[in-house]
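Please find the structures below.
Below, chain A partners chain B and then partners chain C, in two separate complexes.
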Partner chain A sequence: MILTHFLKGGIQSRSVLTMIGLLCVIAILIPIMNLVVPPASPFHVPDHLVPLFGKYLCFAILALALDLVWGYCGILSLGHGAFFALGGYAMGMYLMRQIGARGVYGNPELPDFMVFLNWQELPWYWYGFDQFWFAALMVMLVPGLLAFVFGWFAFRSRVTGVYLSIITQAMTYALLLAFFRNDMGFGGNNGLTDFKDILGFNIAAPETRAALFAASALTLALALLLISSMVSSKYGKILQAVRDAESRTRFLGYRPEKVKLIAFVVSAIVAGIAGALYVPQVGIINPGEFAPANSIEIVVWTAVGGRGTLIGPIIGAVLVNAGKSWFTGVLPEFWLFALGGLFIFVTLFMPKGIVGLAKKLSNFSRPNITTNKPQSSDGAIAKPAE
Partner chain B sequence: MQVSSSLLYLDGVSVSFDRFKAINDLSLYLEQGEMRAIIGPNGAGKTTMMDIITGKTRPDEGKVLFDGEIDLTQHDEAEIAMYGIGRKFQKPTVFETQTVEDNILLSLKGTRNSLPALFYQPNEPDNQRIDEILETIRLAFRRNDLAANLSHGQKQWLEIGMLLAQDPKLLLVDEPVAGMTDAETAETAKLLRKIAETHSVIVVEHDMHFVRDLDVKVTCLHEGSVIAEGSLDHVSSDQKVIDVYLGR
Partner chain C sequence: MSLPVVLRSIFSLVILLFFLAGQSIAQDSSVGTVIQKFATAKGFSQVGKIIDELGELGDPKAAPALRALSEGNLKTDPSNNSVVIVSGDNLLDPVTGETISEAAGKSLKKIRIKNSLRRAITAALSGMTLRAQDAEIRRSAAQTIFDTSDAGQLEALEKAITAEEDASILSLMKQARASIVLNTTDDPAAMIEAISVIQERGDREALSLLSAFEASAEGEPKQAAAAAITRINDRLELWEIGQNVWYGLSLGSVLFLAAIGLAITFGVMGVINMAHGEMVMLGAYTTFVVQEIFRQSAPAFFDYSLLLALPLAFLVTALVGLCMERGIIRFLYGRPLETLLATWGVSLVLQQTVRTIFGPTNREVGNPSWMSGAFEIGELSITWNRLWIIVFSLAVFAILMIILNKTSLGLQMRAVTQNRRMASAMGIRTNWVDAMTFALGSGIAGMAGVALSQIDNVSPNLGQSYIIDSFMVVVFGGVGNLWGTLVGAMSLGVANKFLEPYTGAVLAKILVLIFIILFIQRRPRGLFAIRGRAVDA
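Presenting the complex of A and B:
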């Protein structure tokens, strides 16, 4: 009862509902267009595009997770890539254990890089990762726990704004350095790769790829439903109150540190799940995912799409990454300049991103809005008359 | 003055910032149900006093007791708010990106935990209370507008409405009529007098007409201490007060 009310709040906005519908459709359509439609047909989606599209969707989940904390709570996290990468590593560890004796060294217990390093037995923190359920739990638990500990200390000490952004960046950088070390036991520089199976299915098979794509699309739809429900609940209103006037909320009796902590942990868990879906589709996870530049890119996707709009970050992540795929094919060395330029352009001329611009344009084309009454319905956080 | 009978008891409170004594051996007692006006020139320590009462600033020394037994110096802003002290700021501070109605909803007395808020369902008692408050502060017609689009005076009222929603035992109201027209000022005085029938109130204000309208006991602060206390006529005829206001 309570849950249905909670979720109903999430689909009140028409744009969110449309996006959820769209994601469910492509979760079915793309696999069909890849597996069933014959290659000669113009509607056929070639094999190499399926994991690429899947990757975009994982990034969209990640951008959506960032939108919860940045768009709705004003926490500009420049370290969200860390949660994504940790989720990815947890999944990568499971995939490594699935290789079994099929590795180059043929050791049934130890992954290749451990044999190479002359390790005799599996480190304790690799225990359990041969079980999918355990890895799936860790995908959520590890990023969630890190976010909890980090947020607990940061928010309690009332660290906000630029200072908070800087320490999130330091967090991901510290993890980058740690994961580069061989004796950490996560494959060092090379990371984890050469995966064979997932849940007993060949990871490179078109059917598996299609299933992973569908899983990514459905996860994105679920994450959107969850986060939309959160931000349109009373908790979401508190969250935005904290964003706009944190100290004011204290004098009403709220504890902003707790309010923020919940959003931060949920966001980190969603980012971790995105990472876990990403790794089997790209076939590798390495410390590069912790690079500070990656986390900054997430911020760019979110800003381009429109922060605080829920569907904006999804659109932004897909468009920017599609642009990146195209750009790095044509003019690889200019991609970072293009990205930087895009960020500056969006910040200066489209402060509310693509979604904000679209909303403005649609308001222009509707001249019958004569009153100067504000549009209290604000995109994704819209609230039709109750 | 008995500690137990007073709602708010400040005794020998001092606080200094960078060796500047913002509050200097301040003592002030407020009875249950009393409304008090606090006047004083700029820099007299009025806002700092409110910061101390609401837990934003910790005093260097002195006692601050609420409701006879609660030592306010040992609690933070959120705890003090939950004990029943509400505050309206000098500069109206409302949640600008949210509707007038939601501003009141967020202020309504009740749990401040996040989990119940996630699953909160609008209900009849809450809606009724919101209606009442909007009626009282005369903003019912702007219910669904964003707070950012209210006029300055309306924002002041909205903030008073948020205070009412909290239903605190003690309301601290900092310059409620700053920037208001005369008509709005008169309305605000009426509103505060009505609130004072059921609550204890401390009002900080510069506007002497407004203070006269309130018709309550007045405390004059200067350089962080009380220099006069009594009826407005008594206080305004005090030589020290005249000196302070006319510049010695």
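Presenting the complex of A and C:
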């Protein structure tokens, strides 16, 4: 019953269904093209590209998570990188414990950086991370809990608009400073790295990487299904009502703070999972992931693809990151020009992103739920539309 | 720099060097001739006269020779009748301390002294420094005696006290005498008197001296010392609070400068300018360029470079701000979140532009002479650049208050802040007000950049390090209220500095951030919120 309802919501939109299908196909195809197709063939995918594509997919999950709160609820979070990084750290802690006695100092209990800092025993918050199920639970629980506490306070006292954006930024900045400290027990400046195994498989082996890629693609498909069913349910309608006219929704008898809180927590959990998939593929997690600039970059992926659409953020994340890889390889000095220009161009000329533009071009006319109305909650300081 | 200027300055430098060298040679020789008299001196009385003569000269250059004499290392070389210092295997010149030759194979004659002469030497040595012409030398001599409590110096010190005219050095000498008395006398009354003199000093050195005394003393002096220690501790605690407040105000004024421009644009236009930090950076780079020009063409006026950099930085950043407003932001009114993103894009472009032109590394911006150095008030060391920045931030605050309250632009800005539609209906050109506000806010940021270039590294990332702090100040202080920004910045600065001794700098910052996040929950519109119908959503 729940499952049918769930699926019905998910497959209502044809483009979402197409995207889910496409993701399932590449989840199988890319590993085959990497492992089975001989290197001489033009269809062969080289080893170094698999984790790169996997990284793009993790970013796509993250952008999708942001889209749930920004595109559908009007909460511009400038701190989603924090949830991503927390998920990543939880996974990183598991991977650190898996190194065991193979570290530089050969201590079976303590990770290298703790031996280096002369720590005698494992801090209590590292307990349990040698078990995968526990780490997987923490990947979801820690970002979810932070989002719950943060959102509960913020939404209850009606912090909205740019104020909310700024305190989310302050949150990720505070975490950045905290994780840079050595005595936090998370490796300080260097973060967690030198991973060896995941679930008993060598993390650098092409087979493991292909499996991680497939897992990322399937997770993205699942996240898409989850979020699309969320936004097309009755809850999704209220969510969008909160976005377009928060006060009016409140006067109609709904509790906007609860509606927002659910979306914020779900989004944070999805972002945490994205981080957990990201870390084994890039092989490192460090406090740099908490940098406020990273969180703002997530926003631009979503904006480029089209916020308030479900496949937009995925397209945006993949395109922008592919562009980043290309630019940093060919013209490293111009990447920031390109990124900055993209920010300005998209906000000025493509408010609905690539997907919105495509819709406009193909004259696809159905009642649009993603209209950019001025957010009434900002009316205090915003210039009313003239 | 033009060639004749270079030549002329080199020429004058050379002349100056010759002059200085000539002078020091002359002085050396007078000390040197007196010292050479030891070679021909016969008997203790003549040696004593020469010692007195050196003491009267009062030149510290004679000190090594006198010390060598009291240690028995000052000898005569009969072969050429000269006086030398023996140090290990080498013979040293008694005045310059340079090695003349090796001691081996030479029959040297020791200049003999007795105990009365040793006392004369010690007196001459301390007299040399305690009664030197230079007040700083006297001061440091008295300080040294205080630190060592050397009883042998008492006599010289007494003499110096009767001759001293500078009040502060006199009291320092009296404290030095008290420190000697405290350690030598058996008379409890004298001890207590000495304790009270030392207590007046009231710093850490006095504290350690008294603590050492208290540990070994008995009876009444012990109690007096204990009481003095408590009083000094109380005083030091007060100074420490004063120091924290000072550091906090200094940090707060920096925060204020960085945030005030943001507060204006945010208050009037509801626009979050993420490129605000880059305006600060542009102001700092303008300072760098102005200083480079001064260094190249008019080094003599380098001290005034900041005075030119201030208006220039204002103009440059105000112009950039105006272009931003006219080119981008005016199309995004009513969409504050989009504005935030677009201005972030501008900030990336500005950063990369500066990085391309000036390179990614720090550029050196010099302090003019009136901004370098420090002075002391009690236990507080106050650096001039920090003091000037506090003065400057207060001046900026005053000017902005006047602009907002006394000019027609200010009146219109306040009207638009309170109710944009009504202001527009009353005939205010809100578009023009927006553009001017944005230019003003950006210009102020540029001037802040000039100030920050004096205390921070000028790099393309300069703006990034201030932007989050500035946001915190603005949301904490409340929007559209200059007093809110001032109070917010100062209280955050002071809170940070009071937390730092307990938690360390990073944790203090984290705690302040958490405090602000919690504070926003209680008062979503900041410390000084504007109230009224127009403000509520």
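Definition applied: the second predicted complex is superposed on the first by the 363 of 386 C-alpha atoms of A that agree within 3 Å, B and C clash if a C-alpha of one lies under 4 Å from a C-alpha of the other, contacts with A are read in each partner's own complex, and residues count from 1 in each chain.
Following the convention adopted for this analysis, a contact is a pair of C-beta atoms (placed from the backbone, for glycine too) under 8 Å apart; a residue touches a chain by one contact, two chains touch by 3 or more.
Everything numeric here is computed off the predicted structure, so don't read it as measured data.
**Q** Which partner chains sit in contact with A:Ala174 here, chain B, chain C, both or neither? Use first/second/both/neither.
**A** Second partner only, chain C.
**Q** Please work out whether A:Gly341 is in contact with chain B alone, chain C alone, both, or neither, and reply first, second, both or neither.
**A** second
**Q** Contacts for A:Cys24 in the overlay, against chain B (first) and chain C (second): which applies, first, second, both or neither?
**A** In the superposition, A:Cys24 contacts neither chain B nor chain C.
**Q** On the A-aligned overlay, A:Val37 touches which partner chain: chain B = first, chain C = second, or both, or neither?
**A** neither
**Q** Touch check for A:Ala303: first (chain B), second (chain C), both, or neither?
**A** In the superposition, A:Ala303 contacts chain C only.
**Q** Tell me which touches more residues of chain A here: chain C or chain B.
**A** C
**Q** Please write out, lowest number first, the residues of chain A touched by both chain B and chain C across the two complexes.
**A** Residues common to the chain A contacts of chain C and of chain B are 247, 374, 376, 378, 386, listed in rising order.
**Q** Considering only the defined contacts, which chain A positions touch chain C in the complex?
**A** Spelled out, the residues of chain A in touch with chain C are 76, 150, 153-154, 156-163, 165-167, 169-171, 173-174, 177-178, 180-181, 246-247, 292-293, 296, 299-300, 303, 333-334, 336-337, 339-344, 346-348, 351, 372, 374-386.
**Q** Taking the touch rule as given, give the residues of chain C at its contact with chain A in the complex, in rising order.
**A** 266-267, 269-270, 272, 274, 328, 331-342, 344-349, 351-353, 355-356, 420-421, 430, 464, 468, 471-472, 475, 479, 506-507, 509-510, 513-514, 516-518, 520-522, 524, 534-537
**Q** Provide the residue numbers of chain B that touch chain A in the complex, in ascending order.
**A** So the residues of chain B touching chain A come out as 54, 56, 76-78, 81-82, 86-87, 89, 93-99, 102, 105-107, 112, 114, 117-122, 144-146, 148-149, 162, 166.
**Q** Give the list of chain A residues in touch with chain B in this complex.
**A** Spelled out, the residues of chain A in touch with chain B are 2-3, 5-6, 230, 233-235, 237-238, 240-241, 244-245, 247-255, 258-259, 262, 373-374, 376, 378, 386.
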